[in-house]
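Note that the chains are named A, B, C and D in the order they appear, and that numbering of residues resets to 1 at the start of each chain.
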Amino acid sequence: MIRRQIDVRIRYRDTDQMGVVYHGVYLEFFETGRTELLRDLGMPYASIEKTGVLLPVLEYSTRMILPARYDDLVTVVTTIAERPGARLRIDYQIFNGDTLLVTGQTVHAFATLGTFRATRPPRAFLELIDAAWKEEE
Amino acid sequence: MIRRQIDVRIRYRDTDQMGVVYHGVYLEFFETGRTELLRDLGMPYASIEKTGVLLPVLEYSTRMILPARYDDLVTVVTTIAERPGARLRIDYQIFNGDTLLVTGQTVHAFATLGTFRATRPPRAFLELIDAAWKEEE
Amino acid sequence: MIRRQIDVRIRYRDTDQMGVVYHGVYLEFFETGRTELLRDLGMPYASIEKTGVLLPVLEYSTRMILPARYDDLVTVVTTIAERPGARLRIDYQIFNGDTLLVTGQTVHAFATLGTFRATRPPRAFLELIDAAWKEEE
Amino acid sequence: MIRRQIDVRIRYRDTDQMGVVYHGVYLEFFETGRTELLRDLGMPYASIEKTGVLLPVLEYSTRMILPARYDDLVTVVTTIAERPGARLRIDYQIFNGDTLLVTGQTVHAFATLGTFRATRPPRAFLELIDAAWKEEE
């Protein structure tokens, strides 16, 4: 299991007239979570794209337990709990302090830049995942 | 089963640097789909809010089969396939012509404006749903 | 002068916790306005891009007079009031019925796809503008 | 003159299919800039709203010199260069390292929560501005 966390500040832009964060915005926080997890592993997503491999989102799901509100500093906990095969699954939890607000997950394919055809995960990527996995154990 | 459809044009704003629609944007198309379904039933969401009842999104999930692209005119098909109880579940399909691009669903609570406490679906809302249901049968 | 108008429905996504449209969202309505003006002239923006020419936004400015609100059906009036030279300037007004809510303008360059270098406006584009101009006079 | 700076990471969500940041997104970075400036002065915007005063944006303008790109860590420099009167004007510059990418400004009113009527700037706000001004001199 690989797990990282990062804080995100809720902006006015993220709220709607219910006075809480618009439900779709949590996906943007998930994006920040997995981006910073990959950077922390030593392979920023931008560098994966430079090798010609994209990680498009195939599926996502989100459950809102309690709303995040304007100016909250929430914590996004991002977890890779399964070694990636043809697909990469990532789980997310958003907390305000100790209070769990939101859970979610995204499933990604590995695709070739340009053609969008399915491809294998880059070897360097798998090696980094494996190395990080061992460290966490 | 109640089903309505509406067309949505993909804007530049909806795309990302993969050259396709950003995955989170489909939730905004789902919003347009259910808003126009409710309007067509004779009860615009804005009028439900005026009675003091909100329909916050509790859960959503989305599966991307094929990407929508800039300037595509996609069709959002919105379906209420279960009579709402404490929760309202809505299903969505996004097509480009006959090609299915995306499927998804949202689950909504009925909540009191201000307190966000769970409440019953407004009677007038259920009556409209029932009336529309009969018509479709 | 070339002028076209189109209606846009305000979504929940477009609002913020002030209960009005977030100021930056008007730029997305301006995008819809100019996209539909170009389509109506017979040269959709997507077809301009296919010739290898982009129209990036160099500058924009917006003045909010009165707020647009959730579920308003606002009218975006888009005007090309100057024949384009090295730059294309477009003006916008957003109305709710007869009430002017917002005014704005965008200034665009013509740029080569890939390099982003400044280029001349495509001849076919200028001819369409000229033809539309004469019709309006 | 009061000046603060903060870094913002460009997300996939912020890009469009030109491969650069969508022009309207800079307004969200400006929002982050002024929010953190106010927090740093000791008066977070959320606490101003709690006193019943809003600072809606009346006008904004932005000039794009060079594009920001995915995963860039850009610096937003936010400046209050005029003591606020009936209106508050804020200036912004966005840099990538030493390279200036974007300039902009927003003009805000002071308005009463609920009625949106123009009101005076809160005295505590003006005192903080004055105190910060002296410190910078």
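Going forward, a residue touches a chain if its C-beta (ideal position, glycine included) is under 8 Å from a C-beta of that chain, and two chains touch if they have at least 3 such contacts.
Predicted model, so just to flag it, every value in this text is computed and none were measured.
Counting every residue number used by either copy at the subunit A-subunit D contact, over half are found in both chains.
With centres computed as the average of Cα coordinates, no chain lies farther from subunit D than B. More inter-chain C-beta contacts link the pair A-B than the other of A-C and A-B. Subunit C is reached from subunit B by a rotation of 180°, derived from superposing Cα atoms (nearest 5).
Subunit A and subunit D have CA centres that are 28 Å apart. Once the centre of each chain is set as its mean CA position, subunit A and subunit C turn out to be 34 Å apart. Separating the CA-averaged centres of subunit A and subunit B is a span of 25 Å. Annotation for subunit D: residues touching 2 or more other chains are 12-13, 18, 20, 24, 28, 70.
If you check the complex, the residues on subunit A that touch subunit D are 9, 11-13, 28, 31-32, 35, 44-46, 70-71. For subunit C in complex with subunit A, the residues that touch the partner chain are 12-13, 15-20, 22, 24, 70. By the touch criterion stated above, subunit C contacts subunit D in their complex at residues 18, 20, 23-25, 27-28, 54, 56-64, 67, 116.
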